[in-house]
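In what comes next, chain A is part of two complexes: it sits with chain B in the first one and with chain C in the second one.
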Partner chain A sequence: MNLATAAPESVTRPTPPRRSRSELVVDGFVVAAVVAVVVVGLSTERFATLANARAIITSASLVGIAALGLTLIMIGGSAVSLAISQTVAASGMVFLSAQSLGLVPALALAVVVGTAVTGLQGAVVGYAAANPVVLTIAASFAIAGVATGVTGGVSVSPSARGYDHLNATPGGVALSAYVLVVLTLTVEWVLRRTAFGRSLYMVGENRVAARAAGMPVGRTTTAAWLGAGALFAVTAAFTAAFNAAANVNLGGTLTFDAIAAVLAGGTPISGGRGSALRTLAGALLIAAVSDILLLRGYSTGVQVMVKGLLVAAVVVLVHLRTQERHP
Partner chain B sequence: MQQRLTPGQSGPSTRTGVDLVRVEGLTKSYGSTRAVRDASFAIAAGEIHALCGHNGAGKSTVVKMLSGQESPDGGTISIAGEVVDLRSRQVAQRHGVSLVDQELSVVPALTVAENLVLGDVRTPWVAPARRSTARLRSLLDGVGLDHLRLGLPLADLGIGERQLIEVARALGQDARLVILDEPTATLSDVESEYVYASVRKVAAAGCAVLFVSHRLGEVLALCDRVTVMRDGGVVATTPAGELSIDSLIHQMLGEAPALPDRRVRTRENAVIVLDVEALTVPGRVEDFALEGRAGGVYAVAGQLGSGASDVLRAVAGLVPDADLSLRVDGAPARIAGRPGAAARAGIAFVSNDRKAEGLFLDKPISWNLLATRLGALAPRGVVSRRRWTSALARLLELCGLDPERAGHAVGSLSGGNQQKVFVGRCLDREDVRVVVLDEPTRGVDVGGRAAIHRLLRDAADRGVVVLFSSTELEELQDLADVVITMHKGRVVGTHRGDTAGAVLLREMTHGRTEDEVLPAGSMDGRAR
Partner chain C sequence: MTGRLRLRPELLLPLTSLVLTVAAFALVPTYADATVGAFDVYNALQIFARLGPLVLALGLTMIAGEFDLSVVGTYALGGMLTVQAGQDHYAFGVLAAVGAGALVGLVQGCVIAGLRIPSMPVTLATYIALLGLTSALSGGLTKTYTNITVTLWVDQTVMTYFSPRSLITGGLFVLAALVLGITRWGAELRAIGGDRRASRVAGVRVGRLLVGTFVASGVLAGLGGSLLSFSLGSANPDPGVQPLILAAAAALLGGVSLAGGRGSALGLLGGVLSVALLAEVATVTALPGYVTQLFYAALLGVIVIVDAPDLHDTIVRIRTRLRSDRPNAGHAPLSQETP
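This part shows the complex of A and B:
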C-alpha cells in the first residue's frame, strides 16, 4: 500500500503536457513496472502488513528529508551537492553537543550550521557560477576536516537527554516520518505557489536566459541551497538522536542515497523540472523495493545492486519521455 | 521546366520519374493542435523548391518530419519512388536527407574540419587524415570560405561564417535532398550570395533542394517552384516565374498584409527617458551616444560585426567590459555586466538568440510571459492566483495568442509565436521604461513581423522607449522613428525613419564615404 503512493499517478509536474503515443508507451511501461512491484510485494510474506508499512516509511524518512533538500538544488539547475553526508555529520555533532541548551535551541543551532555551510556553497554557485560538483567535493573535505579537528576525532556524546524526544514513535510510526510528510507538503507548496519556486524552475531550466531577463539568478540559487541546508540539518538531528552519538561518519552513504531517491522520483539532474512529491515517491519506492528484497532473504549486496538498477531504469525512462516531448 | 528533366540529365541518384521527393497527405498534431494537415507536394531532382508561409503555417513541422526529427501522424514521404520511414536524423541522413538548421548546430570548441564531419553517419571511426583534408578543402571553397584554415577553432569565426560552415557540412553529405531552413537569416548579402551559389551547384548536380525562407525576394530569384503553406495546409505550388512578391504574400496571408501606419513624428519636446553617453566596448564599439525620448522608436542599423548588437547588449547590462554612462528617467545606473541592475533600472531585453538566451522552452507560455514580473504578481512572495490570471489574460490578448494554449510548453509554438511571447514578456509592465530588442523579428514571417511591429509601436505610444537593431531596410523604415547606422563599431549617421533605403544600406555596408556631401546628403533627413 505504500507502493500506491509511489505510483506515477501521485507524481505531479509543474506543467500538464499533452501526451503523445510514445509517451503513453513509456507511461505504460512505468505502470506495468509498478504493478509488477506491487504483485511481487503482495506475494511476499509479511510485506502487506501495517508493521511493514511503518518500517518502510521509517526507513525512507531520513533519506527522504535530505533528498527534499537535494530536490531544491537539482530543480535549480545546480545538479547535486556531494557534501550532504559531511554537512549532516557536522550539524549532527553540533546538535548533540548543544543538548545542554535544550532541545529546541540545539535544533535551531544545528539548522543554522547546516544552512550557513550549505548556503555559502550555494552563493558561490549562484553568484560566481562555480561548478557545484567540484565545489561540493572540496566542501565535503573542508567540512569533514574542520569537524575532525574540532572534536579531535572522537565521537560527540549528547550533553543532555532532550534529543530523545526525536526518537518518539507516535502511533507506532517514527516522528521523522511525520516530519517527512509535513516537509514534503511544505516544499511542494513553496515550489508551486511562491515566486521563488517558479523562478527556481526557470533558473534551473535556462540560467543564461534567466540572467538575460534580469531575474535574480544568484539570489534564487542561494535561497535554494539555504533551504537545502536547513533540510540537511533536520536529517542530521534525527540521525544523531537515533544514534545518540555523532562523529564525522554520521552521514554514512546519505549523499548517494539522497541522490538516488531524487533520481528514482524522476527528477532530471539537468534541472528545471521535478517536485517534492516525486522525491517522496522515489524515497518510498527505494525503501519498498529494499524491504521486499530483505523479506525475501536477499543479501545487502543484492539490495544495493537493485537500488542502482532502479535508479538507472528511472533515469532512462525520464530521459525517453523528455526526448519525446522535445525532439 | 524542371518537370521535363529526364533521368539522364538529373544525375545518377534518380532512377525513375521526375519527382525525387514526394510528400503525400502529411499530417501532424501536437495535442489538439493540428500543426500540419494533409500536406502534399513534390520536389524534382535538380529543382530548388521553396517552402513559404507565415507564423505557425507548418513549415518547420514539415521540415522536422522530412529530416527525421518528428514522425508524421499520417501520410507518406517517398524518396526516389520508395516510401521511407524517417525515424531519426541518422535514418534520414542514410536516406540522403541533409538539413541546414534554422538554429546553428555547429560546435564552437571544435575545429572547422571537425565541424564539417560532425554528425556525418558515413564518417569511419578512424579516418585517414590526408584523403579527407582534400575533400573538406573543396567543401569550404564551395561556400566561399577558401581563406579559412581547417584547423581553426570555430570559436574564432563570426556567426555568418559559422552558418556557411553548416551549409558546407550539409552539402558534403552527398545528399539527395538538401533542406535549408532559413540559411541566410543571419548572413550578410555577400555571404548569402555564397549560399545561393552553393545551392545552385548542388541542384545542378541532380539533388533536390528544399529552401525555407522569409526573404521573399531571394525565394523568387533563387527557386524554381514555390509551395506556400497556411494554417497547416498547402495553399499552392506555383512556378516562381509566375509569382510576384505581392502575389506570394497574398498566398501566404490570404489577404493583403496590413502594414502599420508609418508615423514620422517629431519628438523633440518629449522627455528624455534613456540617456546613453560615451558607450565603448573595447574592440567592438566606439563612443556611441543616444538620447531616447518617451514614445520614440530608435533603431541601430548595422550588419553583423558593425557593433549594433553590442550596443544593445551593453545597454541591457550583458557586456562586462562595456564602459558607458547611462541614465533612465534621469537616474544614473551602473549596469555594465549586471543585467539584474539594468532590469531594475527599467530596461527589458529581447535577445537575438531566443533559444539560448530567451525563453524557457520547456515551461508553459504563461510562465514565460510572466517570468519577469513575478514580484508584482506575488505579494509577500506567494503568487496571487487572481493577479496571475488577470495579468496573463491581458498579455495573451495583447500579443494575440490563443488562451487555450497558455498551458502548453512554449517550445511547441512556431518560431513567430515564440517571438511574440518573448516580446510580450517586456510589455504592459509599469516598471519597464526601455525595451531593447536585438533583431526583434529574426526568422519571423511577414504576418508575425507586422504583429510584433504593432506591439512595439503601441508600447512606444504608451511612453516607453523602444530601441532595436536590425539589418533589414523594410523593418527599419516601417518601425523606426530614428535610425542610427553603424559600421565597424562607429556611428555613421542618424536619420529619420523616412530616409531612403539606399542611403541606409550604403552607410551600413560601406560606412561614411569621403565625399558624403554628394547625393547621400540630399536624400537623408539627418537629424544632427
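This part shows the complex of A and C:
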C-alpha cells in the first residue's frame, strides 16, 4: 500500500537537474531585478506603509482573480483569451440586474453566464483545435454586441443593495483580496492534486501526445475554460459591486492586465507549465511596480509602458530559463 | 480551371468573399431603402485606406507563421508621432512614424528570431508598452493636427472614386505583390510559415527573413497610423481593439491561414476590400453598431472554426462513436474482420 502511494509522488516530483550556466545567469538577473524593485520601493516615500500594502493587495485582487482563470487556459495550452474584459462586463451586468433576487442567486447567475460563454469557446478550442486568439477576438465582439443590443447601450443599475456586501473591508483589506488568496490556494490544489490538474498539464505540454495517449483532450480543455469563466464572473461581481453600475466598458483593460499578470508570474504562453501561486506573484509584482510609479508621480501612460516592458522581460527570461531543458 | 482554384484556397477565399460583398454592395437598393453611388464607392475605399496598411502588416507576419499583435500599438504610436513631429511639415511626421515602426519591428524581430521565442507573448507585451508610450507622449489626450492643407490633400477626390490616401494604400499592396511575386522572398516567407525547420535545412536564412518581416510590419503599421492622423486631423492615444479585429478578419478572408505558410498580397487585397465594402454596406443601410459588431463576430467565428485543424477529426470520431453504439448497424464490425 505504501509503495503504491509513494510511486506517483516520485513521478510527479523528479529531482531538479543541476542548474546550467545560462540558468544561473537568468536566475542572477531575476534576483538582481527583484532586489532593485525592493530598493527602489523602500526608498520611495510612503511605499513601506501598512496602508500602501493594503492598496497594493486590493489593486492586485481583481486582476488576480481573472488572471487565475487565464492561468488555467494558459497551462492547458490554449494560449490566451482576449475576451476577458467583455465576459466580465456581461457577467457584471447580469450580476447587478439580478440583485433583486438576492446576493447569492445573483452571484450564481453571473457565474452561470461567465461559465457558459467561456466554456463554449473552450469547447471549440478543445475539440476542434480552433485558434484561441482569433476565436476569442470574435467572441469579444459577439459578447459586446449582444450586451449592447440587450441593454440598448445604457448602463445597468443594481436592482437592490445586496451587492454592497462585496465592498466590505474586513480588517481594512478589501474582501476581494481574501477571495483572491482562497481562490489561489483552491486553483493550486486543483492543479497539483487532482486528475484534472495533471491531465491539464499534459494536454498543455503536448496536445498530440496527450491525444495519442488516449486522454480526453477536448473535455480537459473545455473544463479548464469553464473554470476560467467562473473566475471571470467572480471578478465581474466584485468590479460591478465596486462601480455600482455596469456597461460594456466595465471590464476596461482587464484582458491585458490579466495576461500581463500571468506572464509576469513566469507562466509560459506555450502551456504545460505554470501555477496559480506564480500568477498571484505576478499580479502582486505588477501592482507593486505600478504603485511605486504612482507614488513617484509618473503618469498612467508610463505605468502602462513599464507594465509592458516588465512582461516582455519576464517572457524572454522564462524562455531562456526553460529553453535548455526543452530545446 | 475550377480544379486548380479549388486546390488554392488562398485565391478562392478572397475571390469568393469579394464577389459576394460586391454583390451585396451593388444590390443594396433592392433590400434596403437606400441607393449606392460613386460617393459610397469612395467611402468604401477610404475604409480600405484606413485598414489596408494594418492588414498588410498583420498578414505578412501571419504568412510567416507568426502573429504580430503589436501592429495596433505601432499604429497608435505612428499616429501620435505624426501629429507631434509633423506640425511644421508632414514629411517629418511620416518619417518619425515610419522610423519608430521600423525600430519597433527591428527590436521585436531580433528578439523573436534570435531567441526563437513565440511571437504572441512578445508582441503582446510590445502592444501594451507602445500603448503606454503613446499615452505618455500625449498625456493621455487626443492631439489635434493643425496643418489643415495636408488633411484636405490626403482625402481630396481623385478620379471620382479615389483619394491620395486610398491610392497610396493601393500602391502598398501592389508593391508588396511585386516584391513577394518577383523576388524569392514570397516563396521563402510561405516556406518559413509552413515548415520552419525544413526551410532552414533547405538554406533559407530564417532569422534575417523574420527580422525583415517584422520591420516591414512595423513600417506599414506606423505609416497606417500616420495616414489616419492626417485624415482625421488628430491622433487618439488608444485606438481600441476594433482595428485589430477588422484587420484579422480581413487577413483571414484574404486566404491567410492561421497556421501560417499560406497567403498572398493580392489575396490580402481581396480580403481588405471585402471588409471595407461590408463596412460601407452597414453604413448605407444604417444598421445599428452592435448588429455590425455581431456580423463581424459571426464572420470571424465561422472562418476560425472552418480553419480549425481538428474539426474534421472530431466530427469523424463522433460519427464513428454514434455508429459503434449501434453494433448491428452494419459498418462497425468491419474492423474486426480485418485485424
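The rule is simple: the second predicted complex is superposed on the first by the 309 of 327 C-alpha atoms of A that agree within 3 Å, B and C clash if a C-alpha of one lies under 4 Å from a C-alpha of the other, contacts with A are read in each partner's own complex, and residues count from 1 in each chain.
Here, contacts are C-beta pairs under 8 Å (C-beta built on N, C-alpha and C of every residue); 3 or more make two chains touch, one makes a residue touch a chain.
No experiment lies behind these values; they were computed from the predicted model shown.
Superposition of the two complexes onto chain A shows a clash between chain B and chain C.
In the superposed model, A:Ile259 lies in contact with chain C only, and not with chain B. Residue contacts after overlaying the shared chain place A:Tyr201 against chain B, while chain C stays out of touching range.
In the superposition on chain A, no contact is made by A:Ala236 with either chain B or chain C. When the two structures are aligned on the shared chain, A:Met215 is found in touch with chain B, with no touch to chain C.
Of the two partner chains placed by the overlay, only chain B lies in contact with A:Gly272; chain C stays clear of it.
Contacts of A:Asn131 after superposition: chain C is touched, whereas chain B is not reached.
Of the two partner chains placed by the overlay, only chain B lies in contact with A:Arg193; chain C stays clear of it. A count of residues in chain A touched by chain B and by chain C gives the higher number to C.
For chain B in complex with chain A, the residues that touch the partner chain are 30-32, 64, 69-70, 316-318, 339-340, 342-344, 347-349, 351, 356-364, 367, 371-372, 374-375, 377-378, 381-383, 407-409, 411, 425.
Considering their complex, residues 79-80, 82, 124, 127-131, 133-135, 137-142, 144-146, 148-149, 153, 218, 256, 259-260, 263, 268-270, 299-309, 311-312, 315-316, 319-320, 323 of chain A touch chain C.
Chain A meets chain B in the complex at residues 14-18, 193-196, 198-199, 201-202, 205-206, 208-217, 272-273, 325-327.
For chain C in complex with chain A, the touching residues are 67, 111, 115-118, 120-122, 124-140, 237, 241, 244-245, 248, 252, 258, 288-291, 293-294, 296-301, 303-305, 307-311, 314.
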